[in-house]
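To keep things simple, chains are lettered A, B and C as they appear, and every chain counts its residues starting from 1.
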Amino acid sequence: MRKWNKKALVGTVGLLTAGFLAACGSGNSSEEANSDTGSNSSKEVSFWFMGDGNEQVQPILDSFTEETGIKVNVQSIPWSAAHDRLLTAVASGEGPDVVQMGTTWMSEFSDAGALMDITDYINSEDELNRDNFFEGNVGTNEFDGKYYGVPWYTETRALYYRSDLLEDIGYSEAPKTWDELKDAALKLSKRGDNMYGFNVDGSDQTFGFMFARQNGSKLLDKEGNPLFNQKPFVESAEYLNSMIQNGSAPAQDLGIDISQSFGGEGIVPMFISGPWMITAINENASDIDGKWATAVLPAGPENNLSNTGGANLSVWNGTDNTKNAIELIKFMSKPENQLTFLDTSSSLPAVKSAWEDEKLQGDKIAPFGEQLESSEHMPLMPKWEEVAQKYLDYWEQITVGGADIQDTLDAFNKDAASILKK
Amino acid sequence: MKSKKAPYFFIAPALILLFFFSILPIFIALIISFTDMSLAGLADYSRINFMGVENYTNILSDPSFRQSILNTIYYVIIGVPLVVALSMGIAILINMGKGKFFSFMRLIFYSPSITNIVAIAIVWSFLFNPSDSIGLFNRLLHTIGLGPIAWLQDPRIAKLSLIILAVWRGIGINMLIFSAALTNIPKTMYEAAELDGATQLQQIRYITIPQLKFSTFFVIVTTLIGWLQFFEEPFVMTEGGPLNSTLSVSLFIYRNGFQLNNFGYAAAGSLILFVVIIIATLFQMKIQRKEEENTI
Amino acid sequence: MVSINRKTKIIIGIILGIWGAFTIIPFIWMILSAFKTNPEIVAIQPKILPNEWTLDNFRELFQRLNFGVYLKNTIIITLMSFVGLLINAAAGFGFAHYDFKGKNVLFILVLATMMIPGQVTMIPVYLMLNAVGLTNTYLGIVLPGLTGAFGIFLFRQFFSNISEEFFEAARLDGAGEFYIFFRVALPLSRPILAVQGILAFIGGWNSFLWPLIIANDQKFYTLSVGLQLLQGQHGANYALQMAGAAFMVVPILIIFLIFQKYILSGFNISGGK
């Protein structure tokens, strides 16, 4: 066995060298090619944007070019293929100057050395000052005390509810606590067969963790060991599961569009989601105009922490165009440009001062601003995604398979510990 | 006299392309499967550690992987015969008919192959909806006093629902292949059989089906390989749920490799799948060879 | 072909018709949805026909899509992918009609390439193309998908089915191997060429991931990539997507109808008709 290992190792090294030699060789030559353009690149910067750049970000880039004389080569990448595109960029080392990064990707790509440490710029440039942005978003850029990006836009979860249906059961306002949420959900589910009160989202990786935090769970201890079978976490799971078991919430995805689940009769009249649902409801469920609202999350025993998401702007490691890249990021961090981006893409500004604008004072959007003050990102570690994925599997065993909660979470905790140790 | 060199000229362009874009990557995948390569390793090869066969031992004891293997076998055993039989049946029926209407039917049965996957997901989610006031299948069942069936929610039924969907999608291209082969059966054979007083069913049984031998073999092998890589249907409809009951090996590999960046682990999974497919194909070829010997 | 009387023909027609109607529902739904508004598509009990026909989806599609560029790229890539037909046909011919050293091993190797999921090969292939400087070129987009085991295998099966005598006759007349391939074998394989032509066209027309990965510049994007961009960040605008899908499918339908003729005009091997 040992011997075989050694042989395989030698073979592996040999083949790897052969297979990748050419790639490395070209890596050098393409760097040369880059530096060729680098000499006259003082007037250009390349930017990878996730989504439709022509539509959403071009106006900002145009005014940037006008102001600084720096031309921006934007490449739009559909979200569905963005992770693959970034993988190949990491593999070849050939990326853009500035790249938009989803917050959940930050840890894996900064760990891989794909993003540049820009702590110095964040300390020296006013526009990039940490205090300008929501804390939860700034946190997604920090690893080992270094900063690898600047918040670009933010997302958080809030409660959507049908005000008319809640009125009917005696709630003139949104549920404020877990108890009220459970009570309202149960009453709403009594409206008839196949009617529910709330949606315990079984496909959202962050849902259970969010509720656990509201119950005081820290998720991980200081050494990074999971606390998923501890009391706060288990209790929150019991709380969520009780709503499924008493029929307040569907056990599985109902397979219906928002226009039926929330619009019309309101099969599921309360759910938790991000700001993008506002547009979706306005467009697809116009029948309930004025009959729905948003609110900050109901508070658990400890707090009403929500989950922060969104995207950051980072500088690709290895670019020789750092100065222009930082100029672009600075420009995009200005409140007025963040507001332009709100107009073109409905994404929420990560810069706090932008929220003073009246566009963000509307009754549907304002609760999100309020919720952002009580919102945290998921733990930032390359393996977190895998843990979160595992959570969904185990959670399904409880809700669909009827497994014991404590036993299942014990198993989940063990599994998560071994994933995180890797 | 056949030239000795000619065949190499014929196959060289294809082989060269395949060598670079398929075979070489397989070897690279093989190497990767013995390492803990992740995103960081992709950027900096010095961070790749050699793990020996650890990925293989881990994956073989991973309950999700085992489940995905069992699911995939289930898909293959039920799905492949259905696709082959139905696409051959439709091709023969269409071919018997001739005329404008029948060649138009060919386009109809081909239409699932050119229907956008997003459209497929939306329409079939509607067809499979568990409520008997929304889902079309359940509404139909309701009118005859049956159901409702939890098509995609019941772990025992979800697999079958996906098979229905995949068979519907898979018929088109195979039907075309059979159609192409059918046109090559000499007319004289049927004329002779007819003179001998063979019925239509006998003609199909003793002329058409044996004459389709080569295409059948082709369709079986490619369908088998395709179904062993069953991916899109669970990906868009169930994401492997409920309770991993629809998780296929390919979906498992995709999740681990491209969502979670465990390239080493995923590569080990795909090489196991690779070996299984080769064994299944060789087995299939052996059966074919035996049959040929028997018929001659 | 089995000859049948009128009655049987009608029965078969009815069976196929009913079955076909079920088969084509999603396709029809896709086309008709392109003319609906989005709320109507997701309505709880959708009707087949639009309540109100609208062209807004298409208008939006063309306004927002960088259409000229995407279409040009798609056409170039599709045309280039047709070269693959010839390569596949040649290889299939080679495997079917010659005995040579290593034939079985090589053929199994070809088959084996069918069995590796595309995701596994993506990164190594990208690194190779990058190494030889083919990123940001049409060639780099097309090359990895130019040939495929499926096509080679299909041609081989087809040619194995054709009697050796055909080629022997040509050889006796002193024809070279390449002459035989181009003038005897290729014309014979019209039905398979047609099947493969349809597949190559669809493949090229819908190519998505490679144009995106290989390009460092939006000027190489195809229609599929453009449509994905349209889908937007959290977009649930099915109407727009269906308009895009419906638009993409029209050329495929045309190609199908053209090639179908060749599938039908199969070669009668025994000579007389």
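Things worth noting here:
The criterion applied here is as follows: a contact is a pair of C-beta atoms (placed from the backbone, for glycine too) under 8 Å apart; a residue touches a chain by one contact, two chains touch by 3 or more.
Molecules present, by chain and UniProt name: A = Carbohydrate ABC transporter substrate-binding protein, CUT1 family; B = Carbohydrate ABC transporter membrane protein 1, CUT1 family; C = Carbohydrate ABC transporter membrane protein 2, CUT1 family.
Remember, predicted model here, so these are calculated numbers, not experimental data.
In terms of the distance between Cα centroids, chain C is separated most widely from A. Ranked by C-beta contact pairs, the top pair of chains is B-C. The distance from the centre of chain A to the centre of chain B, each centre being the mean of the chain's C-alpha atoms, comes to 35 Å.
Between the Cα centres of chain B and chain C there is a gap of 16 Å.
Residue positions of chain C with contacts to 2 or more other chains are 44, 123-124, 128. Residue positions 19-20, 84, 87, 91, 256, 260 of chain A are each in touch with at least two other chains. Residues of chain B in contact with two or more other chains: 24, 28, 42, 134, 258.
Chain A contributes residues 5, 8-9, 12, 15-16, 19-20, 83-84, 87, 90-91, 93, 108-109, 111-114, 194, 203, 252-256, 260, 382, 385-386, 389, 393, 396-397, 400-401, 422 to its touches with chain B in the complex. Interface residues of chain B, counted against chain C in their complex, comprise 1-4, 6-11, 13-15, 17-18, 20-26, 28-29, 42, 90, 92-98, 101-103, 105-116, 118-120, 122-124, 126, 134, 168, 171, 173, 176-177, 179-190, 194, 200, 203-204, 207-208, 214-215, 217-218, 221-222, 225, 228-229, 231, 250, 253-254, 257-258, 266-267, 270, 273-274, 277-278, 281-282.
For chain C in complex with chain A, the residues that touch the partner chain are 38-39, 42-44, 64, 66, 122-124, 126-128, 130-133, 135, 208-209, 212-213, 215-218, 225, 228-234, 236-237. Those residues of chain A lying in contact with chain C across their complex are 19-20, 22-23, 25-26, 29-30, 50-52, 54-55, 73-81, 84-85, 87-88, 91-92, 94, 256-260, 264, 274, 276, 280, 283-286, 345, 347. Remark: chain C residues 1-4, 8-9, 12-13, 15-17, 19-20, 23-27, 29-30, 33, 41, 44-46, 87-88, 90-91, 93-95, 97-98, 100, 103, 106, 108-117, 119-121, 123-125, 128, 143-144, 146-147, 149-150, 152-154, 157-158, 160-161, 171, 177-178, 181, 191-192, 194-195, 198-199, 202, 238, 241-242, 244-245, 248-249, 252-253, 256-257, 260, 263-270, 272-273 touch chain B in the complex.
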